[in-house]
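Across the two complexes that follow, chain A remains constant while its partner is chain B and subsequently chain C.
The block that comes next holds the complex of A and B.
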């Protein structure tokens, strides 16, 4: 045994450890290859081909699909609507989430029940969220319009989902309603990690509530806010269930965001090549938005 | 000693972990390979049938009855109606071959045939006296099953709209059952003005963009306004009657249940059954729902008539929705699959389904349309159905039909939203259709 200790050099041990690490990574790499790299390759290949659901890769068409989406009058507006949806819904969830997290932090006896209730929207499947809100916002028989009829009898029903801009606003509010608990969770957890000595020192120095918040709390929690912002923005860009169930992209095309537009192209007209090109355009948009924000986020964390 | 034990343990840990990781990777790879052999035990007579959600009731009856009659096991998979085409094409194209029998929306017959998702069964149908093809209502048989002169399926559900009305609402507003679209709009306007404060509206217009809704509202009007019949290859949107049909939708929209763009058949039906809507264009099985006290507040208070017509049109109707059954080219037991399709479209089965509440099935054969049992089960509906089914007119059925319908639905929705005039909606759709064909 002493022999093996003497003959097993540090270099060999290190190499064995490295190989062990690589082998352990194999399942993960395989999974990534299957789930991410293969579909990405298929997507890029489809975008440069004439592909339908029934007959994929019938012809190589070079940049024809991209040229088409530049002038189809559908893709760019849908990208714009994705932005129009993602940014307000993210900011709304973040701001409201932050306020609630601060309140929870301040309230000493908040209790488990409050926390569970606050998490309920996040625990509800997105499709159910969409179905419930669609029923509540219905012009006839919907909860909100019924309340309106009680307050102002005989009034015209308000078309939350059937008119613009209320359709987009409704989607933003419902999405924020569902994801605010996510923001609350992360921000509340971050607030718990803030060092109490700093607050004690501030108190001793006679700092007021606003001063404490702006000079101490906000700067300390800014890295977490940036993280939550990026995560929520990614989630907002991925919205589909709400649009599919609540508005079907309408009225007209007013809530046809990019993900829904791609769905229409791929699974209603079965033009997989065009849908792949649209997906790549969407990917470019999301990258342009997320990458700089992520860089800012990383810098904030490093400074922290 | 302890140092040696520590070192040897430390040196064997990576080895153990490496072995575990390698085994896991191998296991995953094997699992991936094993999945490709496909489902369905050999020698086991299990028929897998793809059914659309609206016919779930019929699907259950077919499953039970066919099993009883033949002893073969049937597995019915119910999917939302707008996913049938995708599932059928992917099943065939990916080689999964999960389904033996496929229920399809008739407008996709061209697309499915073109992509090889359903089989050419012309010889079998022509050669089988049992199937009795001439008994099928010909205005249904053609659009539902034919592509390039060959037969790809058999009809199982008719699906036409007729005009249902609430007798009480019409009477207390002094309104006659409309026979023209102009009268229809005037009636809706009068009733809505008088009763909307009570949440009662003159009409419910299906205007939701999803397949059967806004399209049905349009084709109902087109079918009853054009002098001839709708051309399934290229419906005549470039005619003044098409513009009038679109305009008729626009004219009645302000007096319809709010708001047409949000109303699909799932929203409209309960409103009519609750007595909140005076007139609605709907499938004939509304007549059975309306007489079911469990879900209807208008039992015996409703009536049914053919759809109104336009100045140059005639009593007719459009095939709104409408289902047929085909066989997958990769069905494991084609004879059994054919037996099932013949069974599902047979006179006995169709008669049973059209006289069963909740089946979601309408007449497909002349013999069942005129059967005494049907007339007894739904006398009012049967009388109107006998008048309009032989004059049924088809939506597009070519391989480009899915794109054509999406383009039409989009422009109609923009029209109802106020972004396009009726004329623009028709001309934009017509132009888009020419590009698709071109």
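The block that comes next holds the complex of A and C.
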């Protein structure tokens, strides 16, 4: 039996394997078609036509929707705000996460408790994160303004979410609060795998803590830092919940990032054509940022 | 590839050691830990003290807002309007009022049910795909990247088309429709996270199965599936939490209390009045507790799944 399988049917088996492979990939291709290809096609079609939620594609309007974007004074500023949110929130979470990850090896013995506590912000549903911080930052009854009252009795409450630029800064800090654990987790796991022989050699050579860090740890961890950076940036561009609950895009349009602006255009003014054009502009922006960064990341991993 | 793939971290070992070569790995784990804690150049007392300060501050920053929320849920309206930081008495009426004013248990049921449906949908689609790509070398080298790239686009991109699609097939405002759409949306993440687990198994195992006369489908079912079970559990937990925590898609696809999830319910109950703070805190905590319990009991799987899958 064994012999006949080995000698008589390699070609048939290869064909069967190829057929099985294609069959097993079919469901995922269908899923991608539903959640990626169909929406993209729909988006392009509605961006070039006059569309509303009830009556899509009523009239072909060529580039009119895109021309409107240039003049509407909403789309391009909101793209800028998406960057203004995504880049600082990513860097903040990454830098703080790296510092904590570097420190965590001191707590190896109590690792489990420390890790659960540090992971809590990441596990918290973003809507609840937004509610927690909205209460923390509230002008009356919020923790920070209460502390302010205790330190300087009778002082005016500070409007964290109602003034500019502190609303955007608050969103960035809250997002970093939620996502720093993610950076800690991945960077700590990577730090654990660095070869200890290199560190022993460094010690023999008399290298100090600072030198060891810059000459050994940092270069070795750089590819992982690049990966975490790209992942976090992707996540930051998706921000919606925090804006929806904490600021509703305000004060004014101060925190109206692209995803919130698109949501408003599509589901509050029902102008699907304009929303689609905005979405395409947003996709282009995300692609322009993510693709080169991802190329750098891949090169770092290859060199490594 | 990253240095991560050179050697598994302790967390990955927790997950993979039971799979590959149990005894050898288990023996090595403690040594690895000792080595990292006594790493040369990192042992001076000053540096260790500084590290503890960083850890301490990080824990306080991570936990304080959550504790403040807990305190808030027990504050009476008078306490909230005063500048007290801790409640003067435990006002349990916030909790009672929250459960009375809003259908929190229904929201919770919808959240959990849609998350379970999504996990099932994502796994049924991704497991064969991962097997085909990692073990049968189907789809070529670019397949994984193409699948994952579907997740890079912000979900806001798909809201209008998905809204239309779900309405057309008659699943608007149903938990089942929400679960299926979430499952499809998270399939790329599941494929991406599972890839590492499917590739970690030595190829001799497939060959042995083949020699024993197993076709691809049986190899998947009775050989590879048991071996990747830890990874599948980890990815199930991650997908569950992602769906449970999501807001945009349920906001889009549900309209009535009967199908809305807890984050949507809480987001829409915002009165913003100070007197409501206590009730909102209680309602939010009711929604947070299930994820925290899951995080606590499934921490090992969760950490293993995230680190094994996402760094490569």
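Here is the rule we use: the second predicted complex is superposed on the first by the 291 of 304 C-alpha atoms of A that agree within 3 Å, B and C clash if a C-alpha of one lies under 4 Å from a C-alpha of the other, contacts with A are read in each partner's own complex, and residues count from 1 in each chain.
To be clear about the criterion, contacts are C-beta pairs under 8 Å (C-beta built on N, C-alpha and C of every residue); 3 or more make two chains touch, one makes a residue touch a chain.
Note that the structure is predicted; figures quoted are calculated from it, not measured.
Contact with chain C, but none with chain B, is seen for A:220 once the two complexes are overlaid on the shared chain.
In the superposition on chain A, A:61 makes contact with neither chain B nor chain C. Once the two complexes are laid over each other on the shared chain, residue contacts for A:293 go to neither chain B nor chain C.
In the superposition on chain A, the chain among chain B and chain C reaching more residues of chain A is C. When both complexes are overlaid on chain A, the residue A:115 reaches chain C alone and has no touch with chain B. Using the contact criterion defined above for the overlaid structures, shared-chain residue A:169 touches neither chain B nor chain C, since it reaches no partner.
Legend: residue contacts after superposition of the two complexes on their common chain; A:159 is shown touching chain B, with no touch to chain C.
Judged by the touch definition given at the top, the superposed model places A:267 against both chain B and chain C. Once the two complexes are overlaid on the shared chain, A:16 sits against chain B and chain C alike. Once the two complexes are laid over each other on the shared chain, residue contacts for A:252 go to chain B alone; chain C is not touched.
Comparing the two interfaces of chain A, the one with chain B and the one with chain C have residues 1-2, 5, 13, 16-17, 20, 23-25, 27, 30-31, 34, 53, 56, 138, 140-141, 149, 267 in common. The residues of chain C lying in touch with chain A in their complex are 1-4, 6-12, 32-33, 35-37, 39-42, 44, 47-48, 50-52, 54-55, 58-59, 61-63, 65-66, 68-69, 72, 80-81, 83-85, 124-126, 128-129, 131-133, 136-139, 143, 146-147, 150, 152-165, 181, 184-185, 187-188, 191, 210-211, 213, 215-217, 220, 241, 244-245, 247-248, 252, 262-264, 266-267, 270, 274, 277, 280-281, 284, 287-288, 291-292, 294-296, 299, 302-303, 306-307, 310-312. For chain A in complex with chain B, the residues that touch the partner chain are 1-2, 4-5, 8, 13, 16-17, 19-20, 23-27, 30-31, 34, 52-56, 138-141, 149, 153-154, 156-157, 159, 161-163, 248-254, 264, 267-271.
Residues 3-4, 7-8, 10-11, 14-15, 17-18, 20-22, 24-25, 28-29, 32, 82, 85-86, 89-90, 92-93, 111, 114-117, 197, 199, 208-210, 257-259, 261-262, 267, 271, 276, 402-403, 406, 410, 413-414, 416-417, 419 of chain B are the ones touching chain A in the complex. Against chain C, the residues of chain A that register as touching in their complex are 1-2, 5-6, 13, 16-18, 20-25, 27-28, 30-32, 34-36, 38-40, 42-43, 46, 53, 56, 96, 99-100, 102-109, 112, 114-121, 123-128, 130-133, 135-136, 138, 140-141, 143, 146-147, 149-150, 177, 180-182, 184-186, 189-190, 192-196, 199-200, 202-203, 207-209, 212, 220, 223-224, 227-228, 231, 234, 237-238, 240-241, 244-245, 258-259, 262-263, 266-267, 272, 275-276, 279, 282-283, 286, 290, 301, 304.
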